[in-house]
């Protein structure tokens, strides 16, 4: 039934290659099927103004897409400014990653996670969160190795997966052909078995509480699989 | 327990005054406690380019806040451009209202719903959706009265309410003092007893599926009450 | 002769409702006929850089119009930036209000007056000045009550009225139907019986010194009436 | 009494050199004392959208100042956008010039008048209007010579002069040292012995009707002298 | 003598991997040592307005750098707009590629070449030109295969290399450590054994005609090697 | 053969008038045939942030063109921002002038050179560099006269000239009719007999090393003539 032939509760093949750039303190290239996102983490000694002298750390994220990451070339945002959609996504990534951070243990420093979509086939914001956590963790491990951080501020991985209602069925991990047809779809961010963000959205459609529940179940399954891959990648 | 002394499943007092401006085709002033939003609906014969000659209608929304609607004066967005938060909110309002529109019945025209917050005390995006639907309905009724629309494109009201976890308890309709303290809060948009949008978000916190379920239950109660007020307002 | 049936030297009905928002230090809703402007005054301890450590205060103004305040919906300035017209108006409001302020008595603080047009029917800049002064005065009274200001920096009210040549006749207080037809119109700002600003402008027309004199006479009459209303409002 | 030693009703020396650039259809360099403005007029066959197929012409103006036209170097507007002051000035120039144009006789074309201040010493907007009219006239004469225009759309010159209250006295044509001290100053635009624009403005001061009258008298004297120079220049 | 231990006339190791993205009509990942650039070519049926109905084709380029492509993270251009440096580089890439295009043979269509720097270590604009030509060629070959183009509009490859004076010696292909020290450096673009662009630039230094000649000789050597790699890549 | 009748190695007539504005510390009006550029130098005690407390000086440049400096009126950059071309030119001017500056001798101060094109007929960037050096020198001489600078930081003049291949021939100092036809043209900046910048560029053409050499020879001749004029101007 699914264009890709996958089962309704089957994720795409996911790989996470780490340390892919020479400059960043942490980095990975995450591939969720044909969606490829390069995630880098940059350590910055300066925190945003509202945290000066607070002793608390900060994690923020920025998101971008190469113009021809998509089937039809998109305008380059550098020429016309970030769209509302881009800003919404990078706020989500930052909020999600912070949910898994002990900001006291991190200490007064900032880590900036850049998520740049090299190739897009649906689910780029979820791949960014999942891969972004890996880049973040690798940067933190570097700080721990040099003794700049004593106790690990990142306990459980933060991972995200999309689910939606496609052709009347609740399915896990929508690719672009499904996403562009689905009237209802959403993103679920979890850490340590608990929810961090739930963003269900319908365009010209609605959904019941029972469907909502079914999607939550699928998301739990997907996030469990992603978490195992994240832990393997940073080991 | 709540700063306002409300029960955990008790909404603020809501009033909807209709036809409050002389120029707009539909308008209302919705007051959800101390949150006051002026909603106007403008009928435009031109649709966005992607709908030209499609026979389909469109509903879109814009959102703004007067600089001193808040306790501390905010910068005027006209001077520095819309923030990412503003864009995210107005996309949500537009998407939510469209979920309750039969775009064939509306015909090839656009209705623009402006939601301007006169005074803010938490829950401005939900008040905008609830009041925005009333303004939209009043504009549509005007089109039906003149025969420009034959069958009503708006069947069930679209309404929205916030819920969150405050002081460890699931509560309905957060005001600003609660919202600024709650680690977990979200917005629920519903129509005809079904869900349209669910946006749960945690800042430095997480939540369980059981809590999610509890919040959904509160939201259903709140939306039912709002729907009754909406129907009374447009009668 | 006038579309509204008013006498040539007759102002529209003016009301000033004070303390209309919960957050601002001073506020009023001024209605000049169908022109409704919400004015709020915000006290800010910081002055502009050029006044640091000068001991002098500052009063500035910002002006905005809700998109559907007008008969035809206007673009939202937050999306495309303030127009030249908007900037010109808010500079006028700020300059006018400052003419009535003893900046030594005010002390080194700034008061920002926001004038937001809820509904427009001509004369919005004059209503903003007249209502803006009321909001400013209420904020100053609050500072005096708490002893932060000792001697009142606002002696005489500042008020403004438009006059113009409509259908060959000099008339007081143009509403929109008159304003859009008048070849010559202007705004007169006064305080304590003296002039602060005179802005006469002709589009495709000219006027004589005698006509100029007639308009000045009408303006004096109008401002006297507005001043009485301002004093009543802040009492 | 005046820094320059001029009489209170004495203008600075004014010269108007015409045809100073090889490309523009009309041009002049006007020098009002040390204020030097290069004015060029460009004929454009296209009118603004709101005049298409109306048969009516249009005149508009743009204003700029070289960064080091002033005593202290100013930011280059090309880098940060036109200030509100610049926009206000160019709207004034355009409106003033249009007051002297028979737009039917001009025919459906646009003339753009660029006024660029090479050196500033007060009164740049008035010099721009006075010199702008000369450039405009020269461009129109070119259109008449080639038969593209039959009857002259510019009958009387449009000229402008500043007046103000300096050291308690009403004076004509303020230079920069006077302008920066004067609490009250204004610009008067006239054509054919009648007024087009009056912009009196006070910063931290007020003025009486009698003073207003005195300034109008000075302005009439100054404009008469400028008009003679304009007519000589275009002959 | 060189930080990398290379001979003064020795290029870094260069590899060109083709068809690296699923969406673009042509693509490659070029690696010049540690400088990695992803180049994609997009075919667009629409040409820029000035070429409509001319029968001529167009090739243009855009250039970007991921924020952490460099040792120190750079601001994301999407947030603040393209810098002058970025615009200068992408104009150079476009001009260089067009030098090798028969625009009549290309036909009235546009090919947009995006060059995005994934990792930077000096020489990104040269790598972009060299890799950009490969992506362009692959897109053109696709058009020839489907018969949309009959005769090949790309005869000789266009390639570019940097040269400079480092520690007093003329060296080929500067990497970042050399580039940041060199007082004189430049970029040479060639096609078919002839020059297309020469951009020699000195910061706080100068150079003689003899040195200029030496650098031209090095560039010829480097371009010859790059050309062989380009031809191999597109075969 | 040349539209102007000049020999292939013949420059246009060049004049340099100094001290043309009353405010700038150094200024000149350079005329290269019909290309007229006003150059002013402003001394600023503040250096850019990266030079604070370094003891080193800085020279930077800004470039602009009046809207009707050209045959067809151009958009005013103040309205839409500096084009990439403008930024590229002003970076070139600044870099070129700095090549002739001893930044230690200059001391920790900045000189800003503004080059504004009053009338354009080709070669504006070269005229800006040549005239900009004169304005810079005059400002420096003022600093030396007052003893703020002891040893002259400007030894040899910096001058620039364009050369190109027009109608198959290498020619010196292209004017606009030649520049718009030439497939290959470039700018050469020199000081003290040595090269500072070489920018050869071809649009739809290429050139040989022999031609490059011929152009360098022409440039040397032209720069020698310009240098003599510069020295005469500042004496």
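For reference, chains read A, B, C, D, E and F in written order, and residue numbers begin at 1 within each chain.
By our rule, contacts are C-beta pairs under 8 Å (C-beta built on N, C-alpha and C of every residue); 3 or more make two chains touch, one makes a residue touch a chain.
Since this is a predicted model, take the numbers as computed values, not measurements.
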Chains touching both subunit B and subunit E: A
Longest centre-to-centre distance from subunit A, chain (CA-based): D
Chain of greatest Cα-centre distance to subunit C: E
Mean-CA-position distance for subunit D and subunit A (Å): 59
Distance between chain centroids, defined by C-alpha means - subunit C, subunit D (Å): 28
Cα-centroid distance, subunit C relative to subunit F, in whole angstrom: 51
Residues of subunit F whose C-beta touches two or more other chains: 82
Sequence of chains encountered when the ring is traversed from subunit B in the direction of subunit C: B, C, D, F, E, A
Sites on subunit A touched by subunit B in the complex: 82, 84-85, 87-88, 91, 95, 98-99, 103, 186, 191-192, 194-209, 212-213, 216
List of subunit C residues in touch with subunit B within their complex: 21-24, 27, 34, 38, 40, 42, 44, 62, 64, 66-71, 73, 76-79, 81-82, 86, 112, 114, 116, 118-119, 121
